[in-house]
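Read from first to last, the chains carry the letters A, B, C and D; within each, the first residue is number 1.
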Amino acid sequence: MEYVFELTMKVRDYECDLQGIVNNANYQHYIEHTRHEFLLTRGVSFADLHARGIDAVVARLQMAFKTPLRSGDSFVSRLAVRKEGLRIVFVQDIYRFPDNKPVIRSTVDTVCVVDGRLSACAELEKLLGL
Amino acid sequence: MEYVFELTMKVRDYECDLQGIVNNANYQHYIEHTRHEFLLTRGVSFADLHARGIDAVVARLQMAFKTPLRSGDSFVSRLAVRKEGLRIVFVQDIYRFPDNKPVIRSTVDTVCVVDGRLSACAELEKLLGL
Amino acid sequence: MEYVFELTMKVRDYECDLQGIVNNANYQHYIEHTRHEFLLTRGVSFADLHARGIDAVVARLQMAFKTPLRSGDSFVSRLAVRKEGLRIVFVQDIYRFPDNKPVIRSTVDTVCVVDGRLSACAELEKLLGL
Amino acid sequence: MEYVFELTMKVRDYECDLQGIVNNANYQHYIEHTRHEFLLTRGVSFADLHARGIDAVVARLQMAFKTPLRSGDSFVSRLAVRKEGLRIVFVQDIYRFPDNKPVIRSTVDTVCVVDGRLSACAELEKLLGL
């Protein structure tokens, strides 16, 4: 798969835990923020979707942790996307900047919940060109 | 002022930062959670309030940090409350358990925003007996 | 696999995001806290391990999200553990309390890094009886 | 006082809570990150300081909340700094971008703890030109 979006960020010290490395839960934050920023480039606001009764939610997540990020590190969060049945699947990998060392590799399966019911993401798929 | 509510919690390791102590922002989390649990004892759900268009928001916060909490520490979060004009003021102090050493002392001024406008918290005040 | 540990917790409102449900990253926090509390029952402090140059780190994580938790919900976080080669694998599931509805199912593969090098977790395995 | 540093950031959706606005604790994160980035421009790494046994810690915090930030908002975090006895005092204000509406005003008193003892921040003061 080909990455279609990337976002460069920098570790914030409060994201590091007592091991002196970024706490794992923050990688979920990083990749969620990357998805939402990607959606914005396609004209989709996560908050607006919610206000209109459409919630894109994560159904399944797989993450492999390769190299921990530390205080002072910058990184690039890259994203690819494909359709799989009802699901929109995001492949989201993070690389340390500038040496491009893999930090995490992840796959995020999302589904849509419309007015409380699991549903096709027709509108989202169209905007994403899937 | 007299404390009218207390909640015992334990530090979670992800709350500690690279200094090996609880990151300061988490004390705001602790005292927010304490306020909301206190409100529940008076029949007030923060989420329900929001759903009904009433948002209790913090207008001003003062915190003095006395002793940092560390991995493994338990603590007691105590709360007092009074009315000051339009504001509901919470005095919220945290003590390490079991030696009762002061961890933080804080004062939290809250106001109500009803349908987007600053407003008296009549309902809230009544339920809190202020 | 059989659960060998469980911890009951309650959603804190700051853990909910603009969709009104617990933000996914917090489930990583919940299961990390559960692992660390489990380790403590076996005499292992995560912070002490780190201070002695031994870091147990997550190599791989899989999570399936079943039912979102909301403000006011309580939940039980259950844990099973087994050895797989160099890895210690935790099966960690969360159930809503009291209706026992599945919230997440997860598998967490951990490895040990001793003085900066990937290593067998001999001491940890012994304490965990693996 | 005159601002000597500023950092532009954007709200990340996971920072918003069930009220649909940035949860207050995140403003502490924003201003901490701003201080640490400011220190880096003066050659001071917070993580390195800690590794050398010097911990700059917050002794007192005052925050006034003016306008809440929402999903999609960008903001500028501005910083001024002065010496007051043993303390280094940071005035840290956040403005919404681009309309410059005040979001928070805060004052952060920091002290140094060297090898576990409250101490003058001589080195830090020199680097900051105080």
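The rule is short, and it goes like this: a contact is a pair of C-beta atoms (placed from the backbone, for glycine too) under 8 Å apart; a residue touches a chain by one contact, two chains touch by 3 or more.
Treat the numbers as computed from the prediction; the structure is a model and nothing was measured.
S.K.: If I average the CA coordinates per chain, which chain comes out farthest from chain D?
M.R.: Farthest from chain D by mean C-alpha position: C.
S.K.: More C-beta contacts across A-B or across B-D?
M.R.: Between the two chain pairs, B-D has more contacting C-beta pairs.
S.K.: Roughly how many whole angstrom separate the Cα centroids of chain A and chain B?
M.R.: 32
S.K.: At what distance in angstrom does the C-alpha mean of chain D lie from that of chain A?
M.R.: Those two chain centres are 27 Å apart.
S.K.: CA centre of chain B versus CA centre of chain D: separation in Å?
M.R.: Centres of chain B and chain D (C-alpha means) sit 22 Å apart.
S.K.: For chain D, give me the residues that contact two or more of the other chains.
M.R.: 13-14, 16, 18, 20, 23, 25, 29, 32, 46-47, 71 - these are the residues of chain D that touch more than one other chain.
S.K.: In graph terms, with chains as vertices and touches as edges, which category applies: line, ring, star, complete, or other?
M.R.: Chain contacts: complete, every pair touches.
S.K.: Which residues, counting only chain D, touch chain B once they are in their complex?
M.R.: Residue positions touching the partner: 18-19, 23-26, 28-29, 32, 46-47, 50, 55, 57-65, 68.
S.K.: Within their complex, state which residues of chain D touch chain A.
M.R.: Interface residues on the chain D side: 12-14, 16, 20, 29, 32-33, 36, 40, 45-47, 70-72.
S.K.: Flag every residue of chain A that touches chain B in the complex, lowest number first.
M.R.: Answer in residue numbers: 13-14, 16-18, 20, 23, 25, 71.
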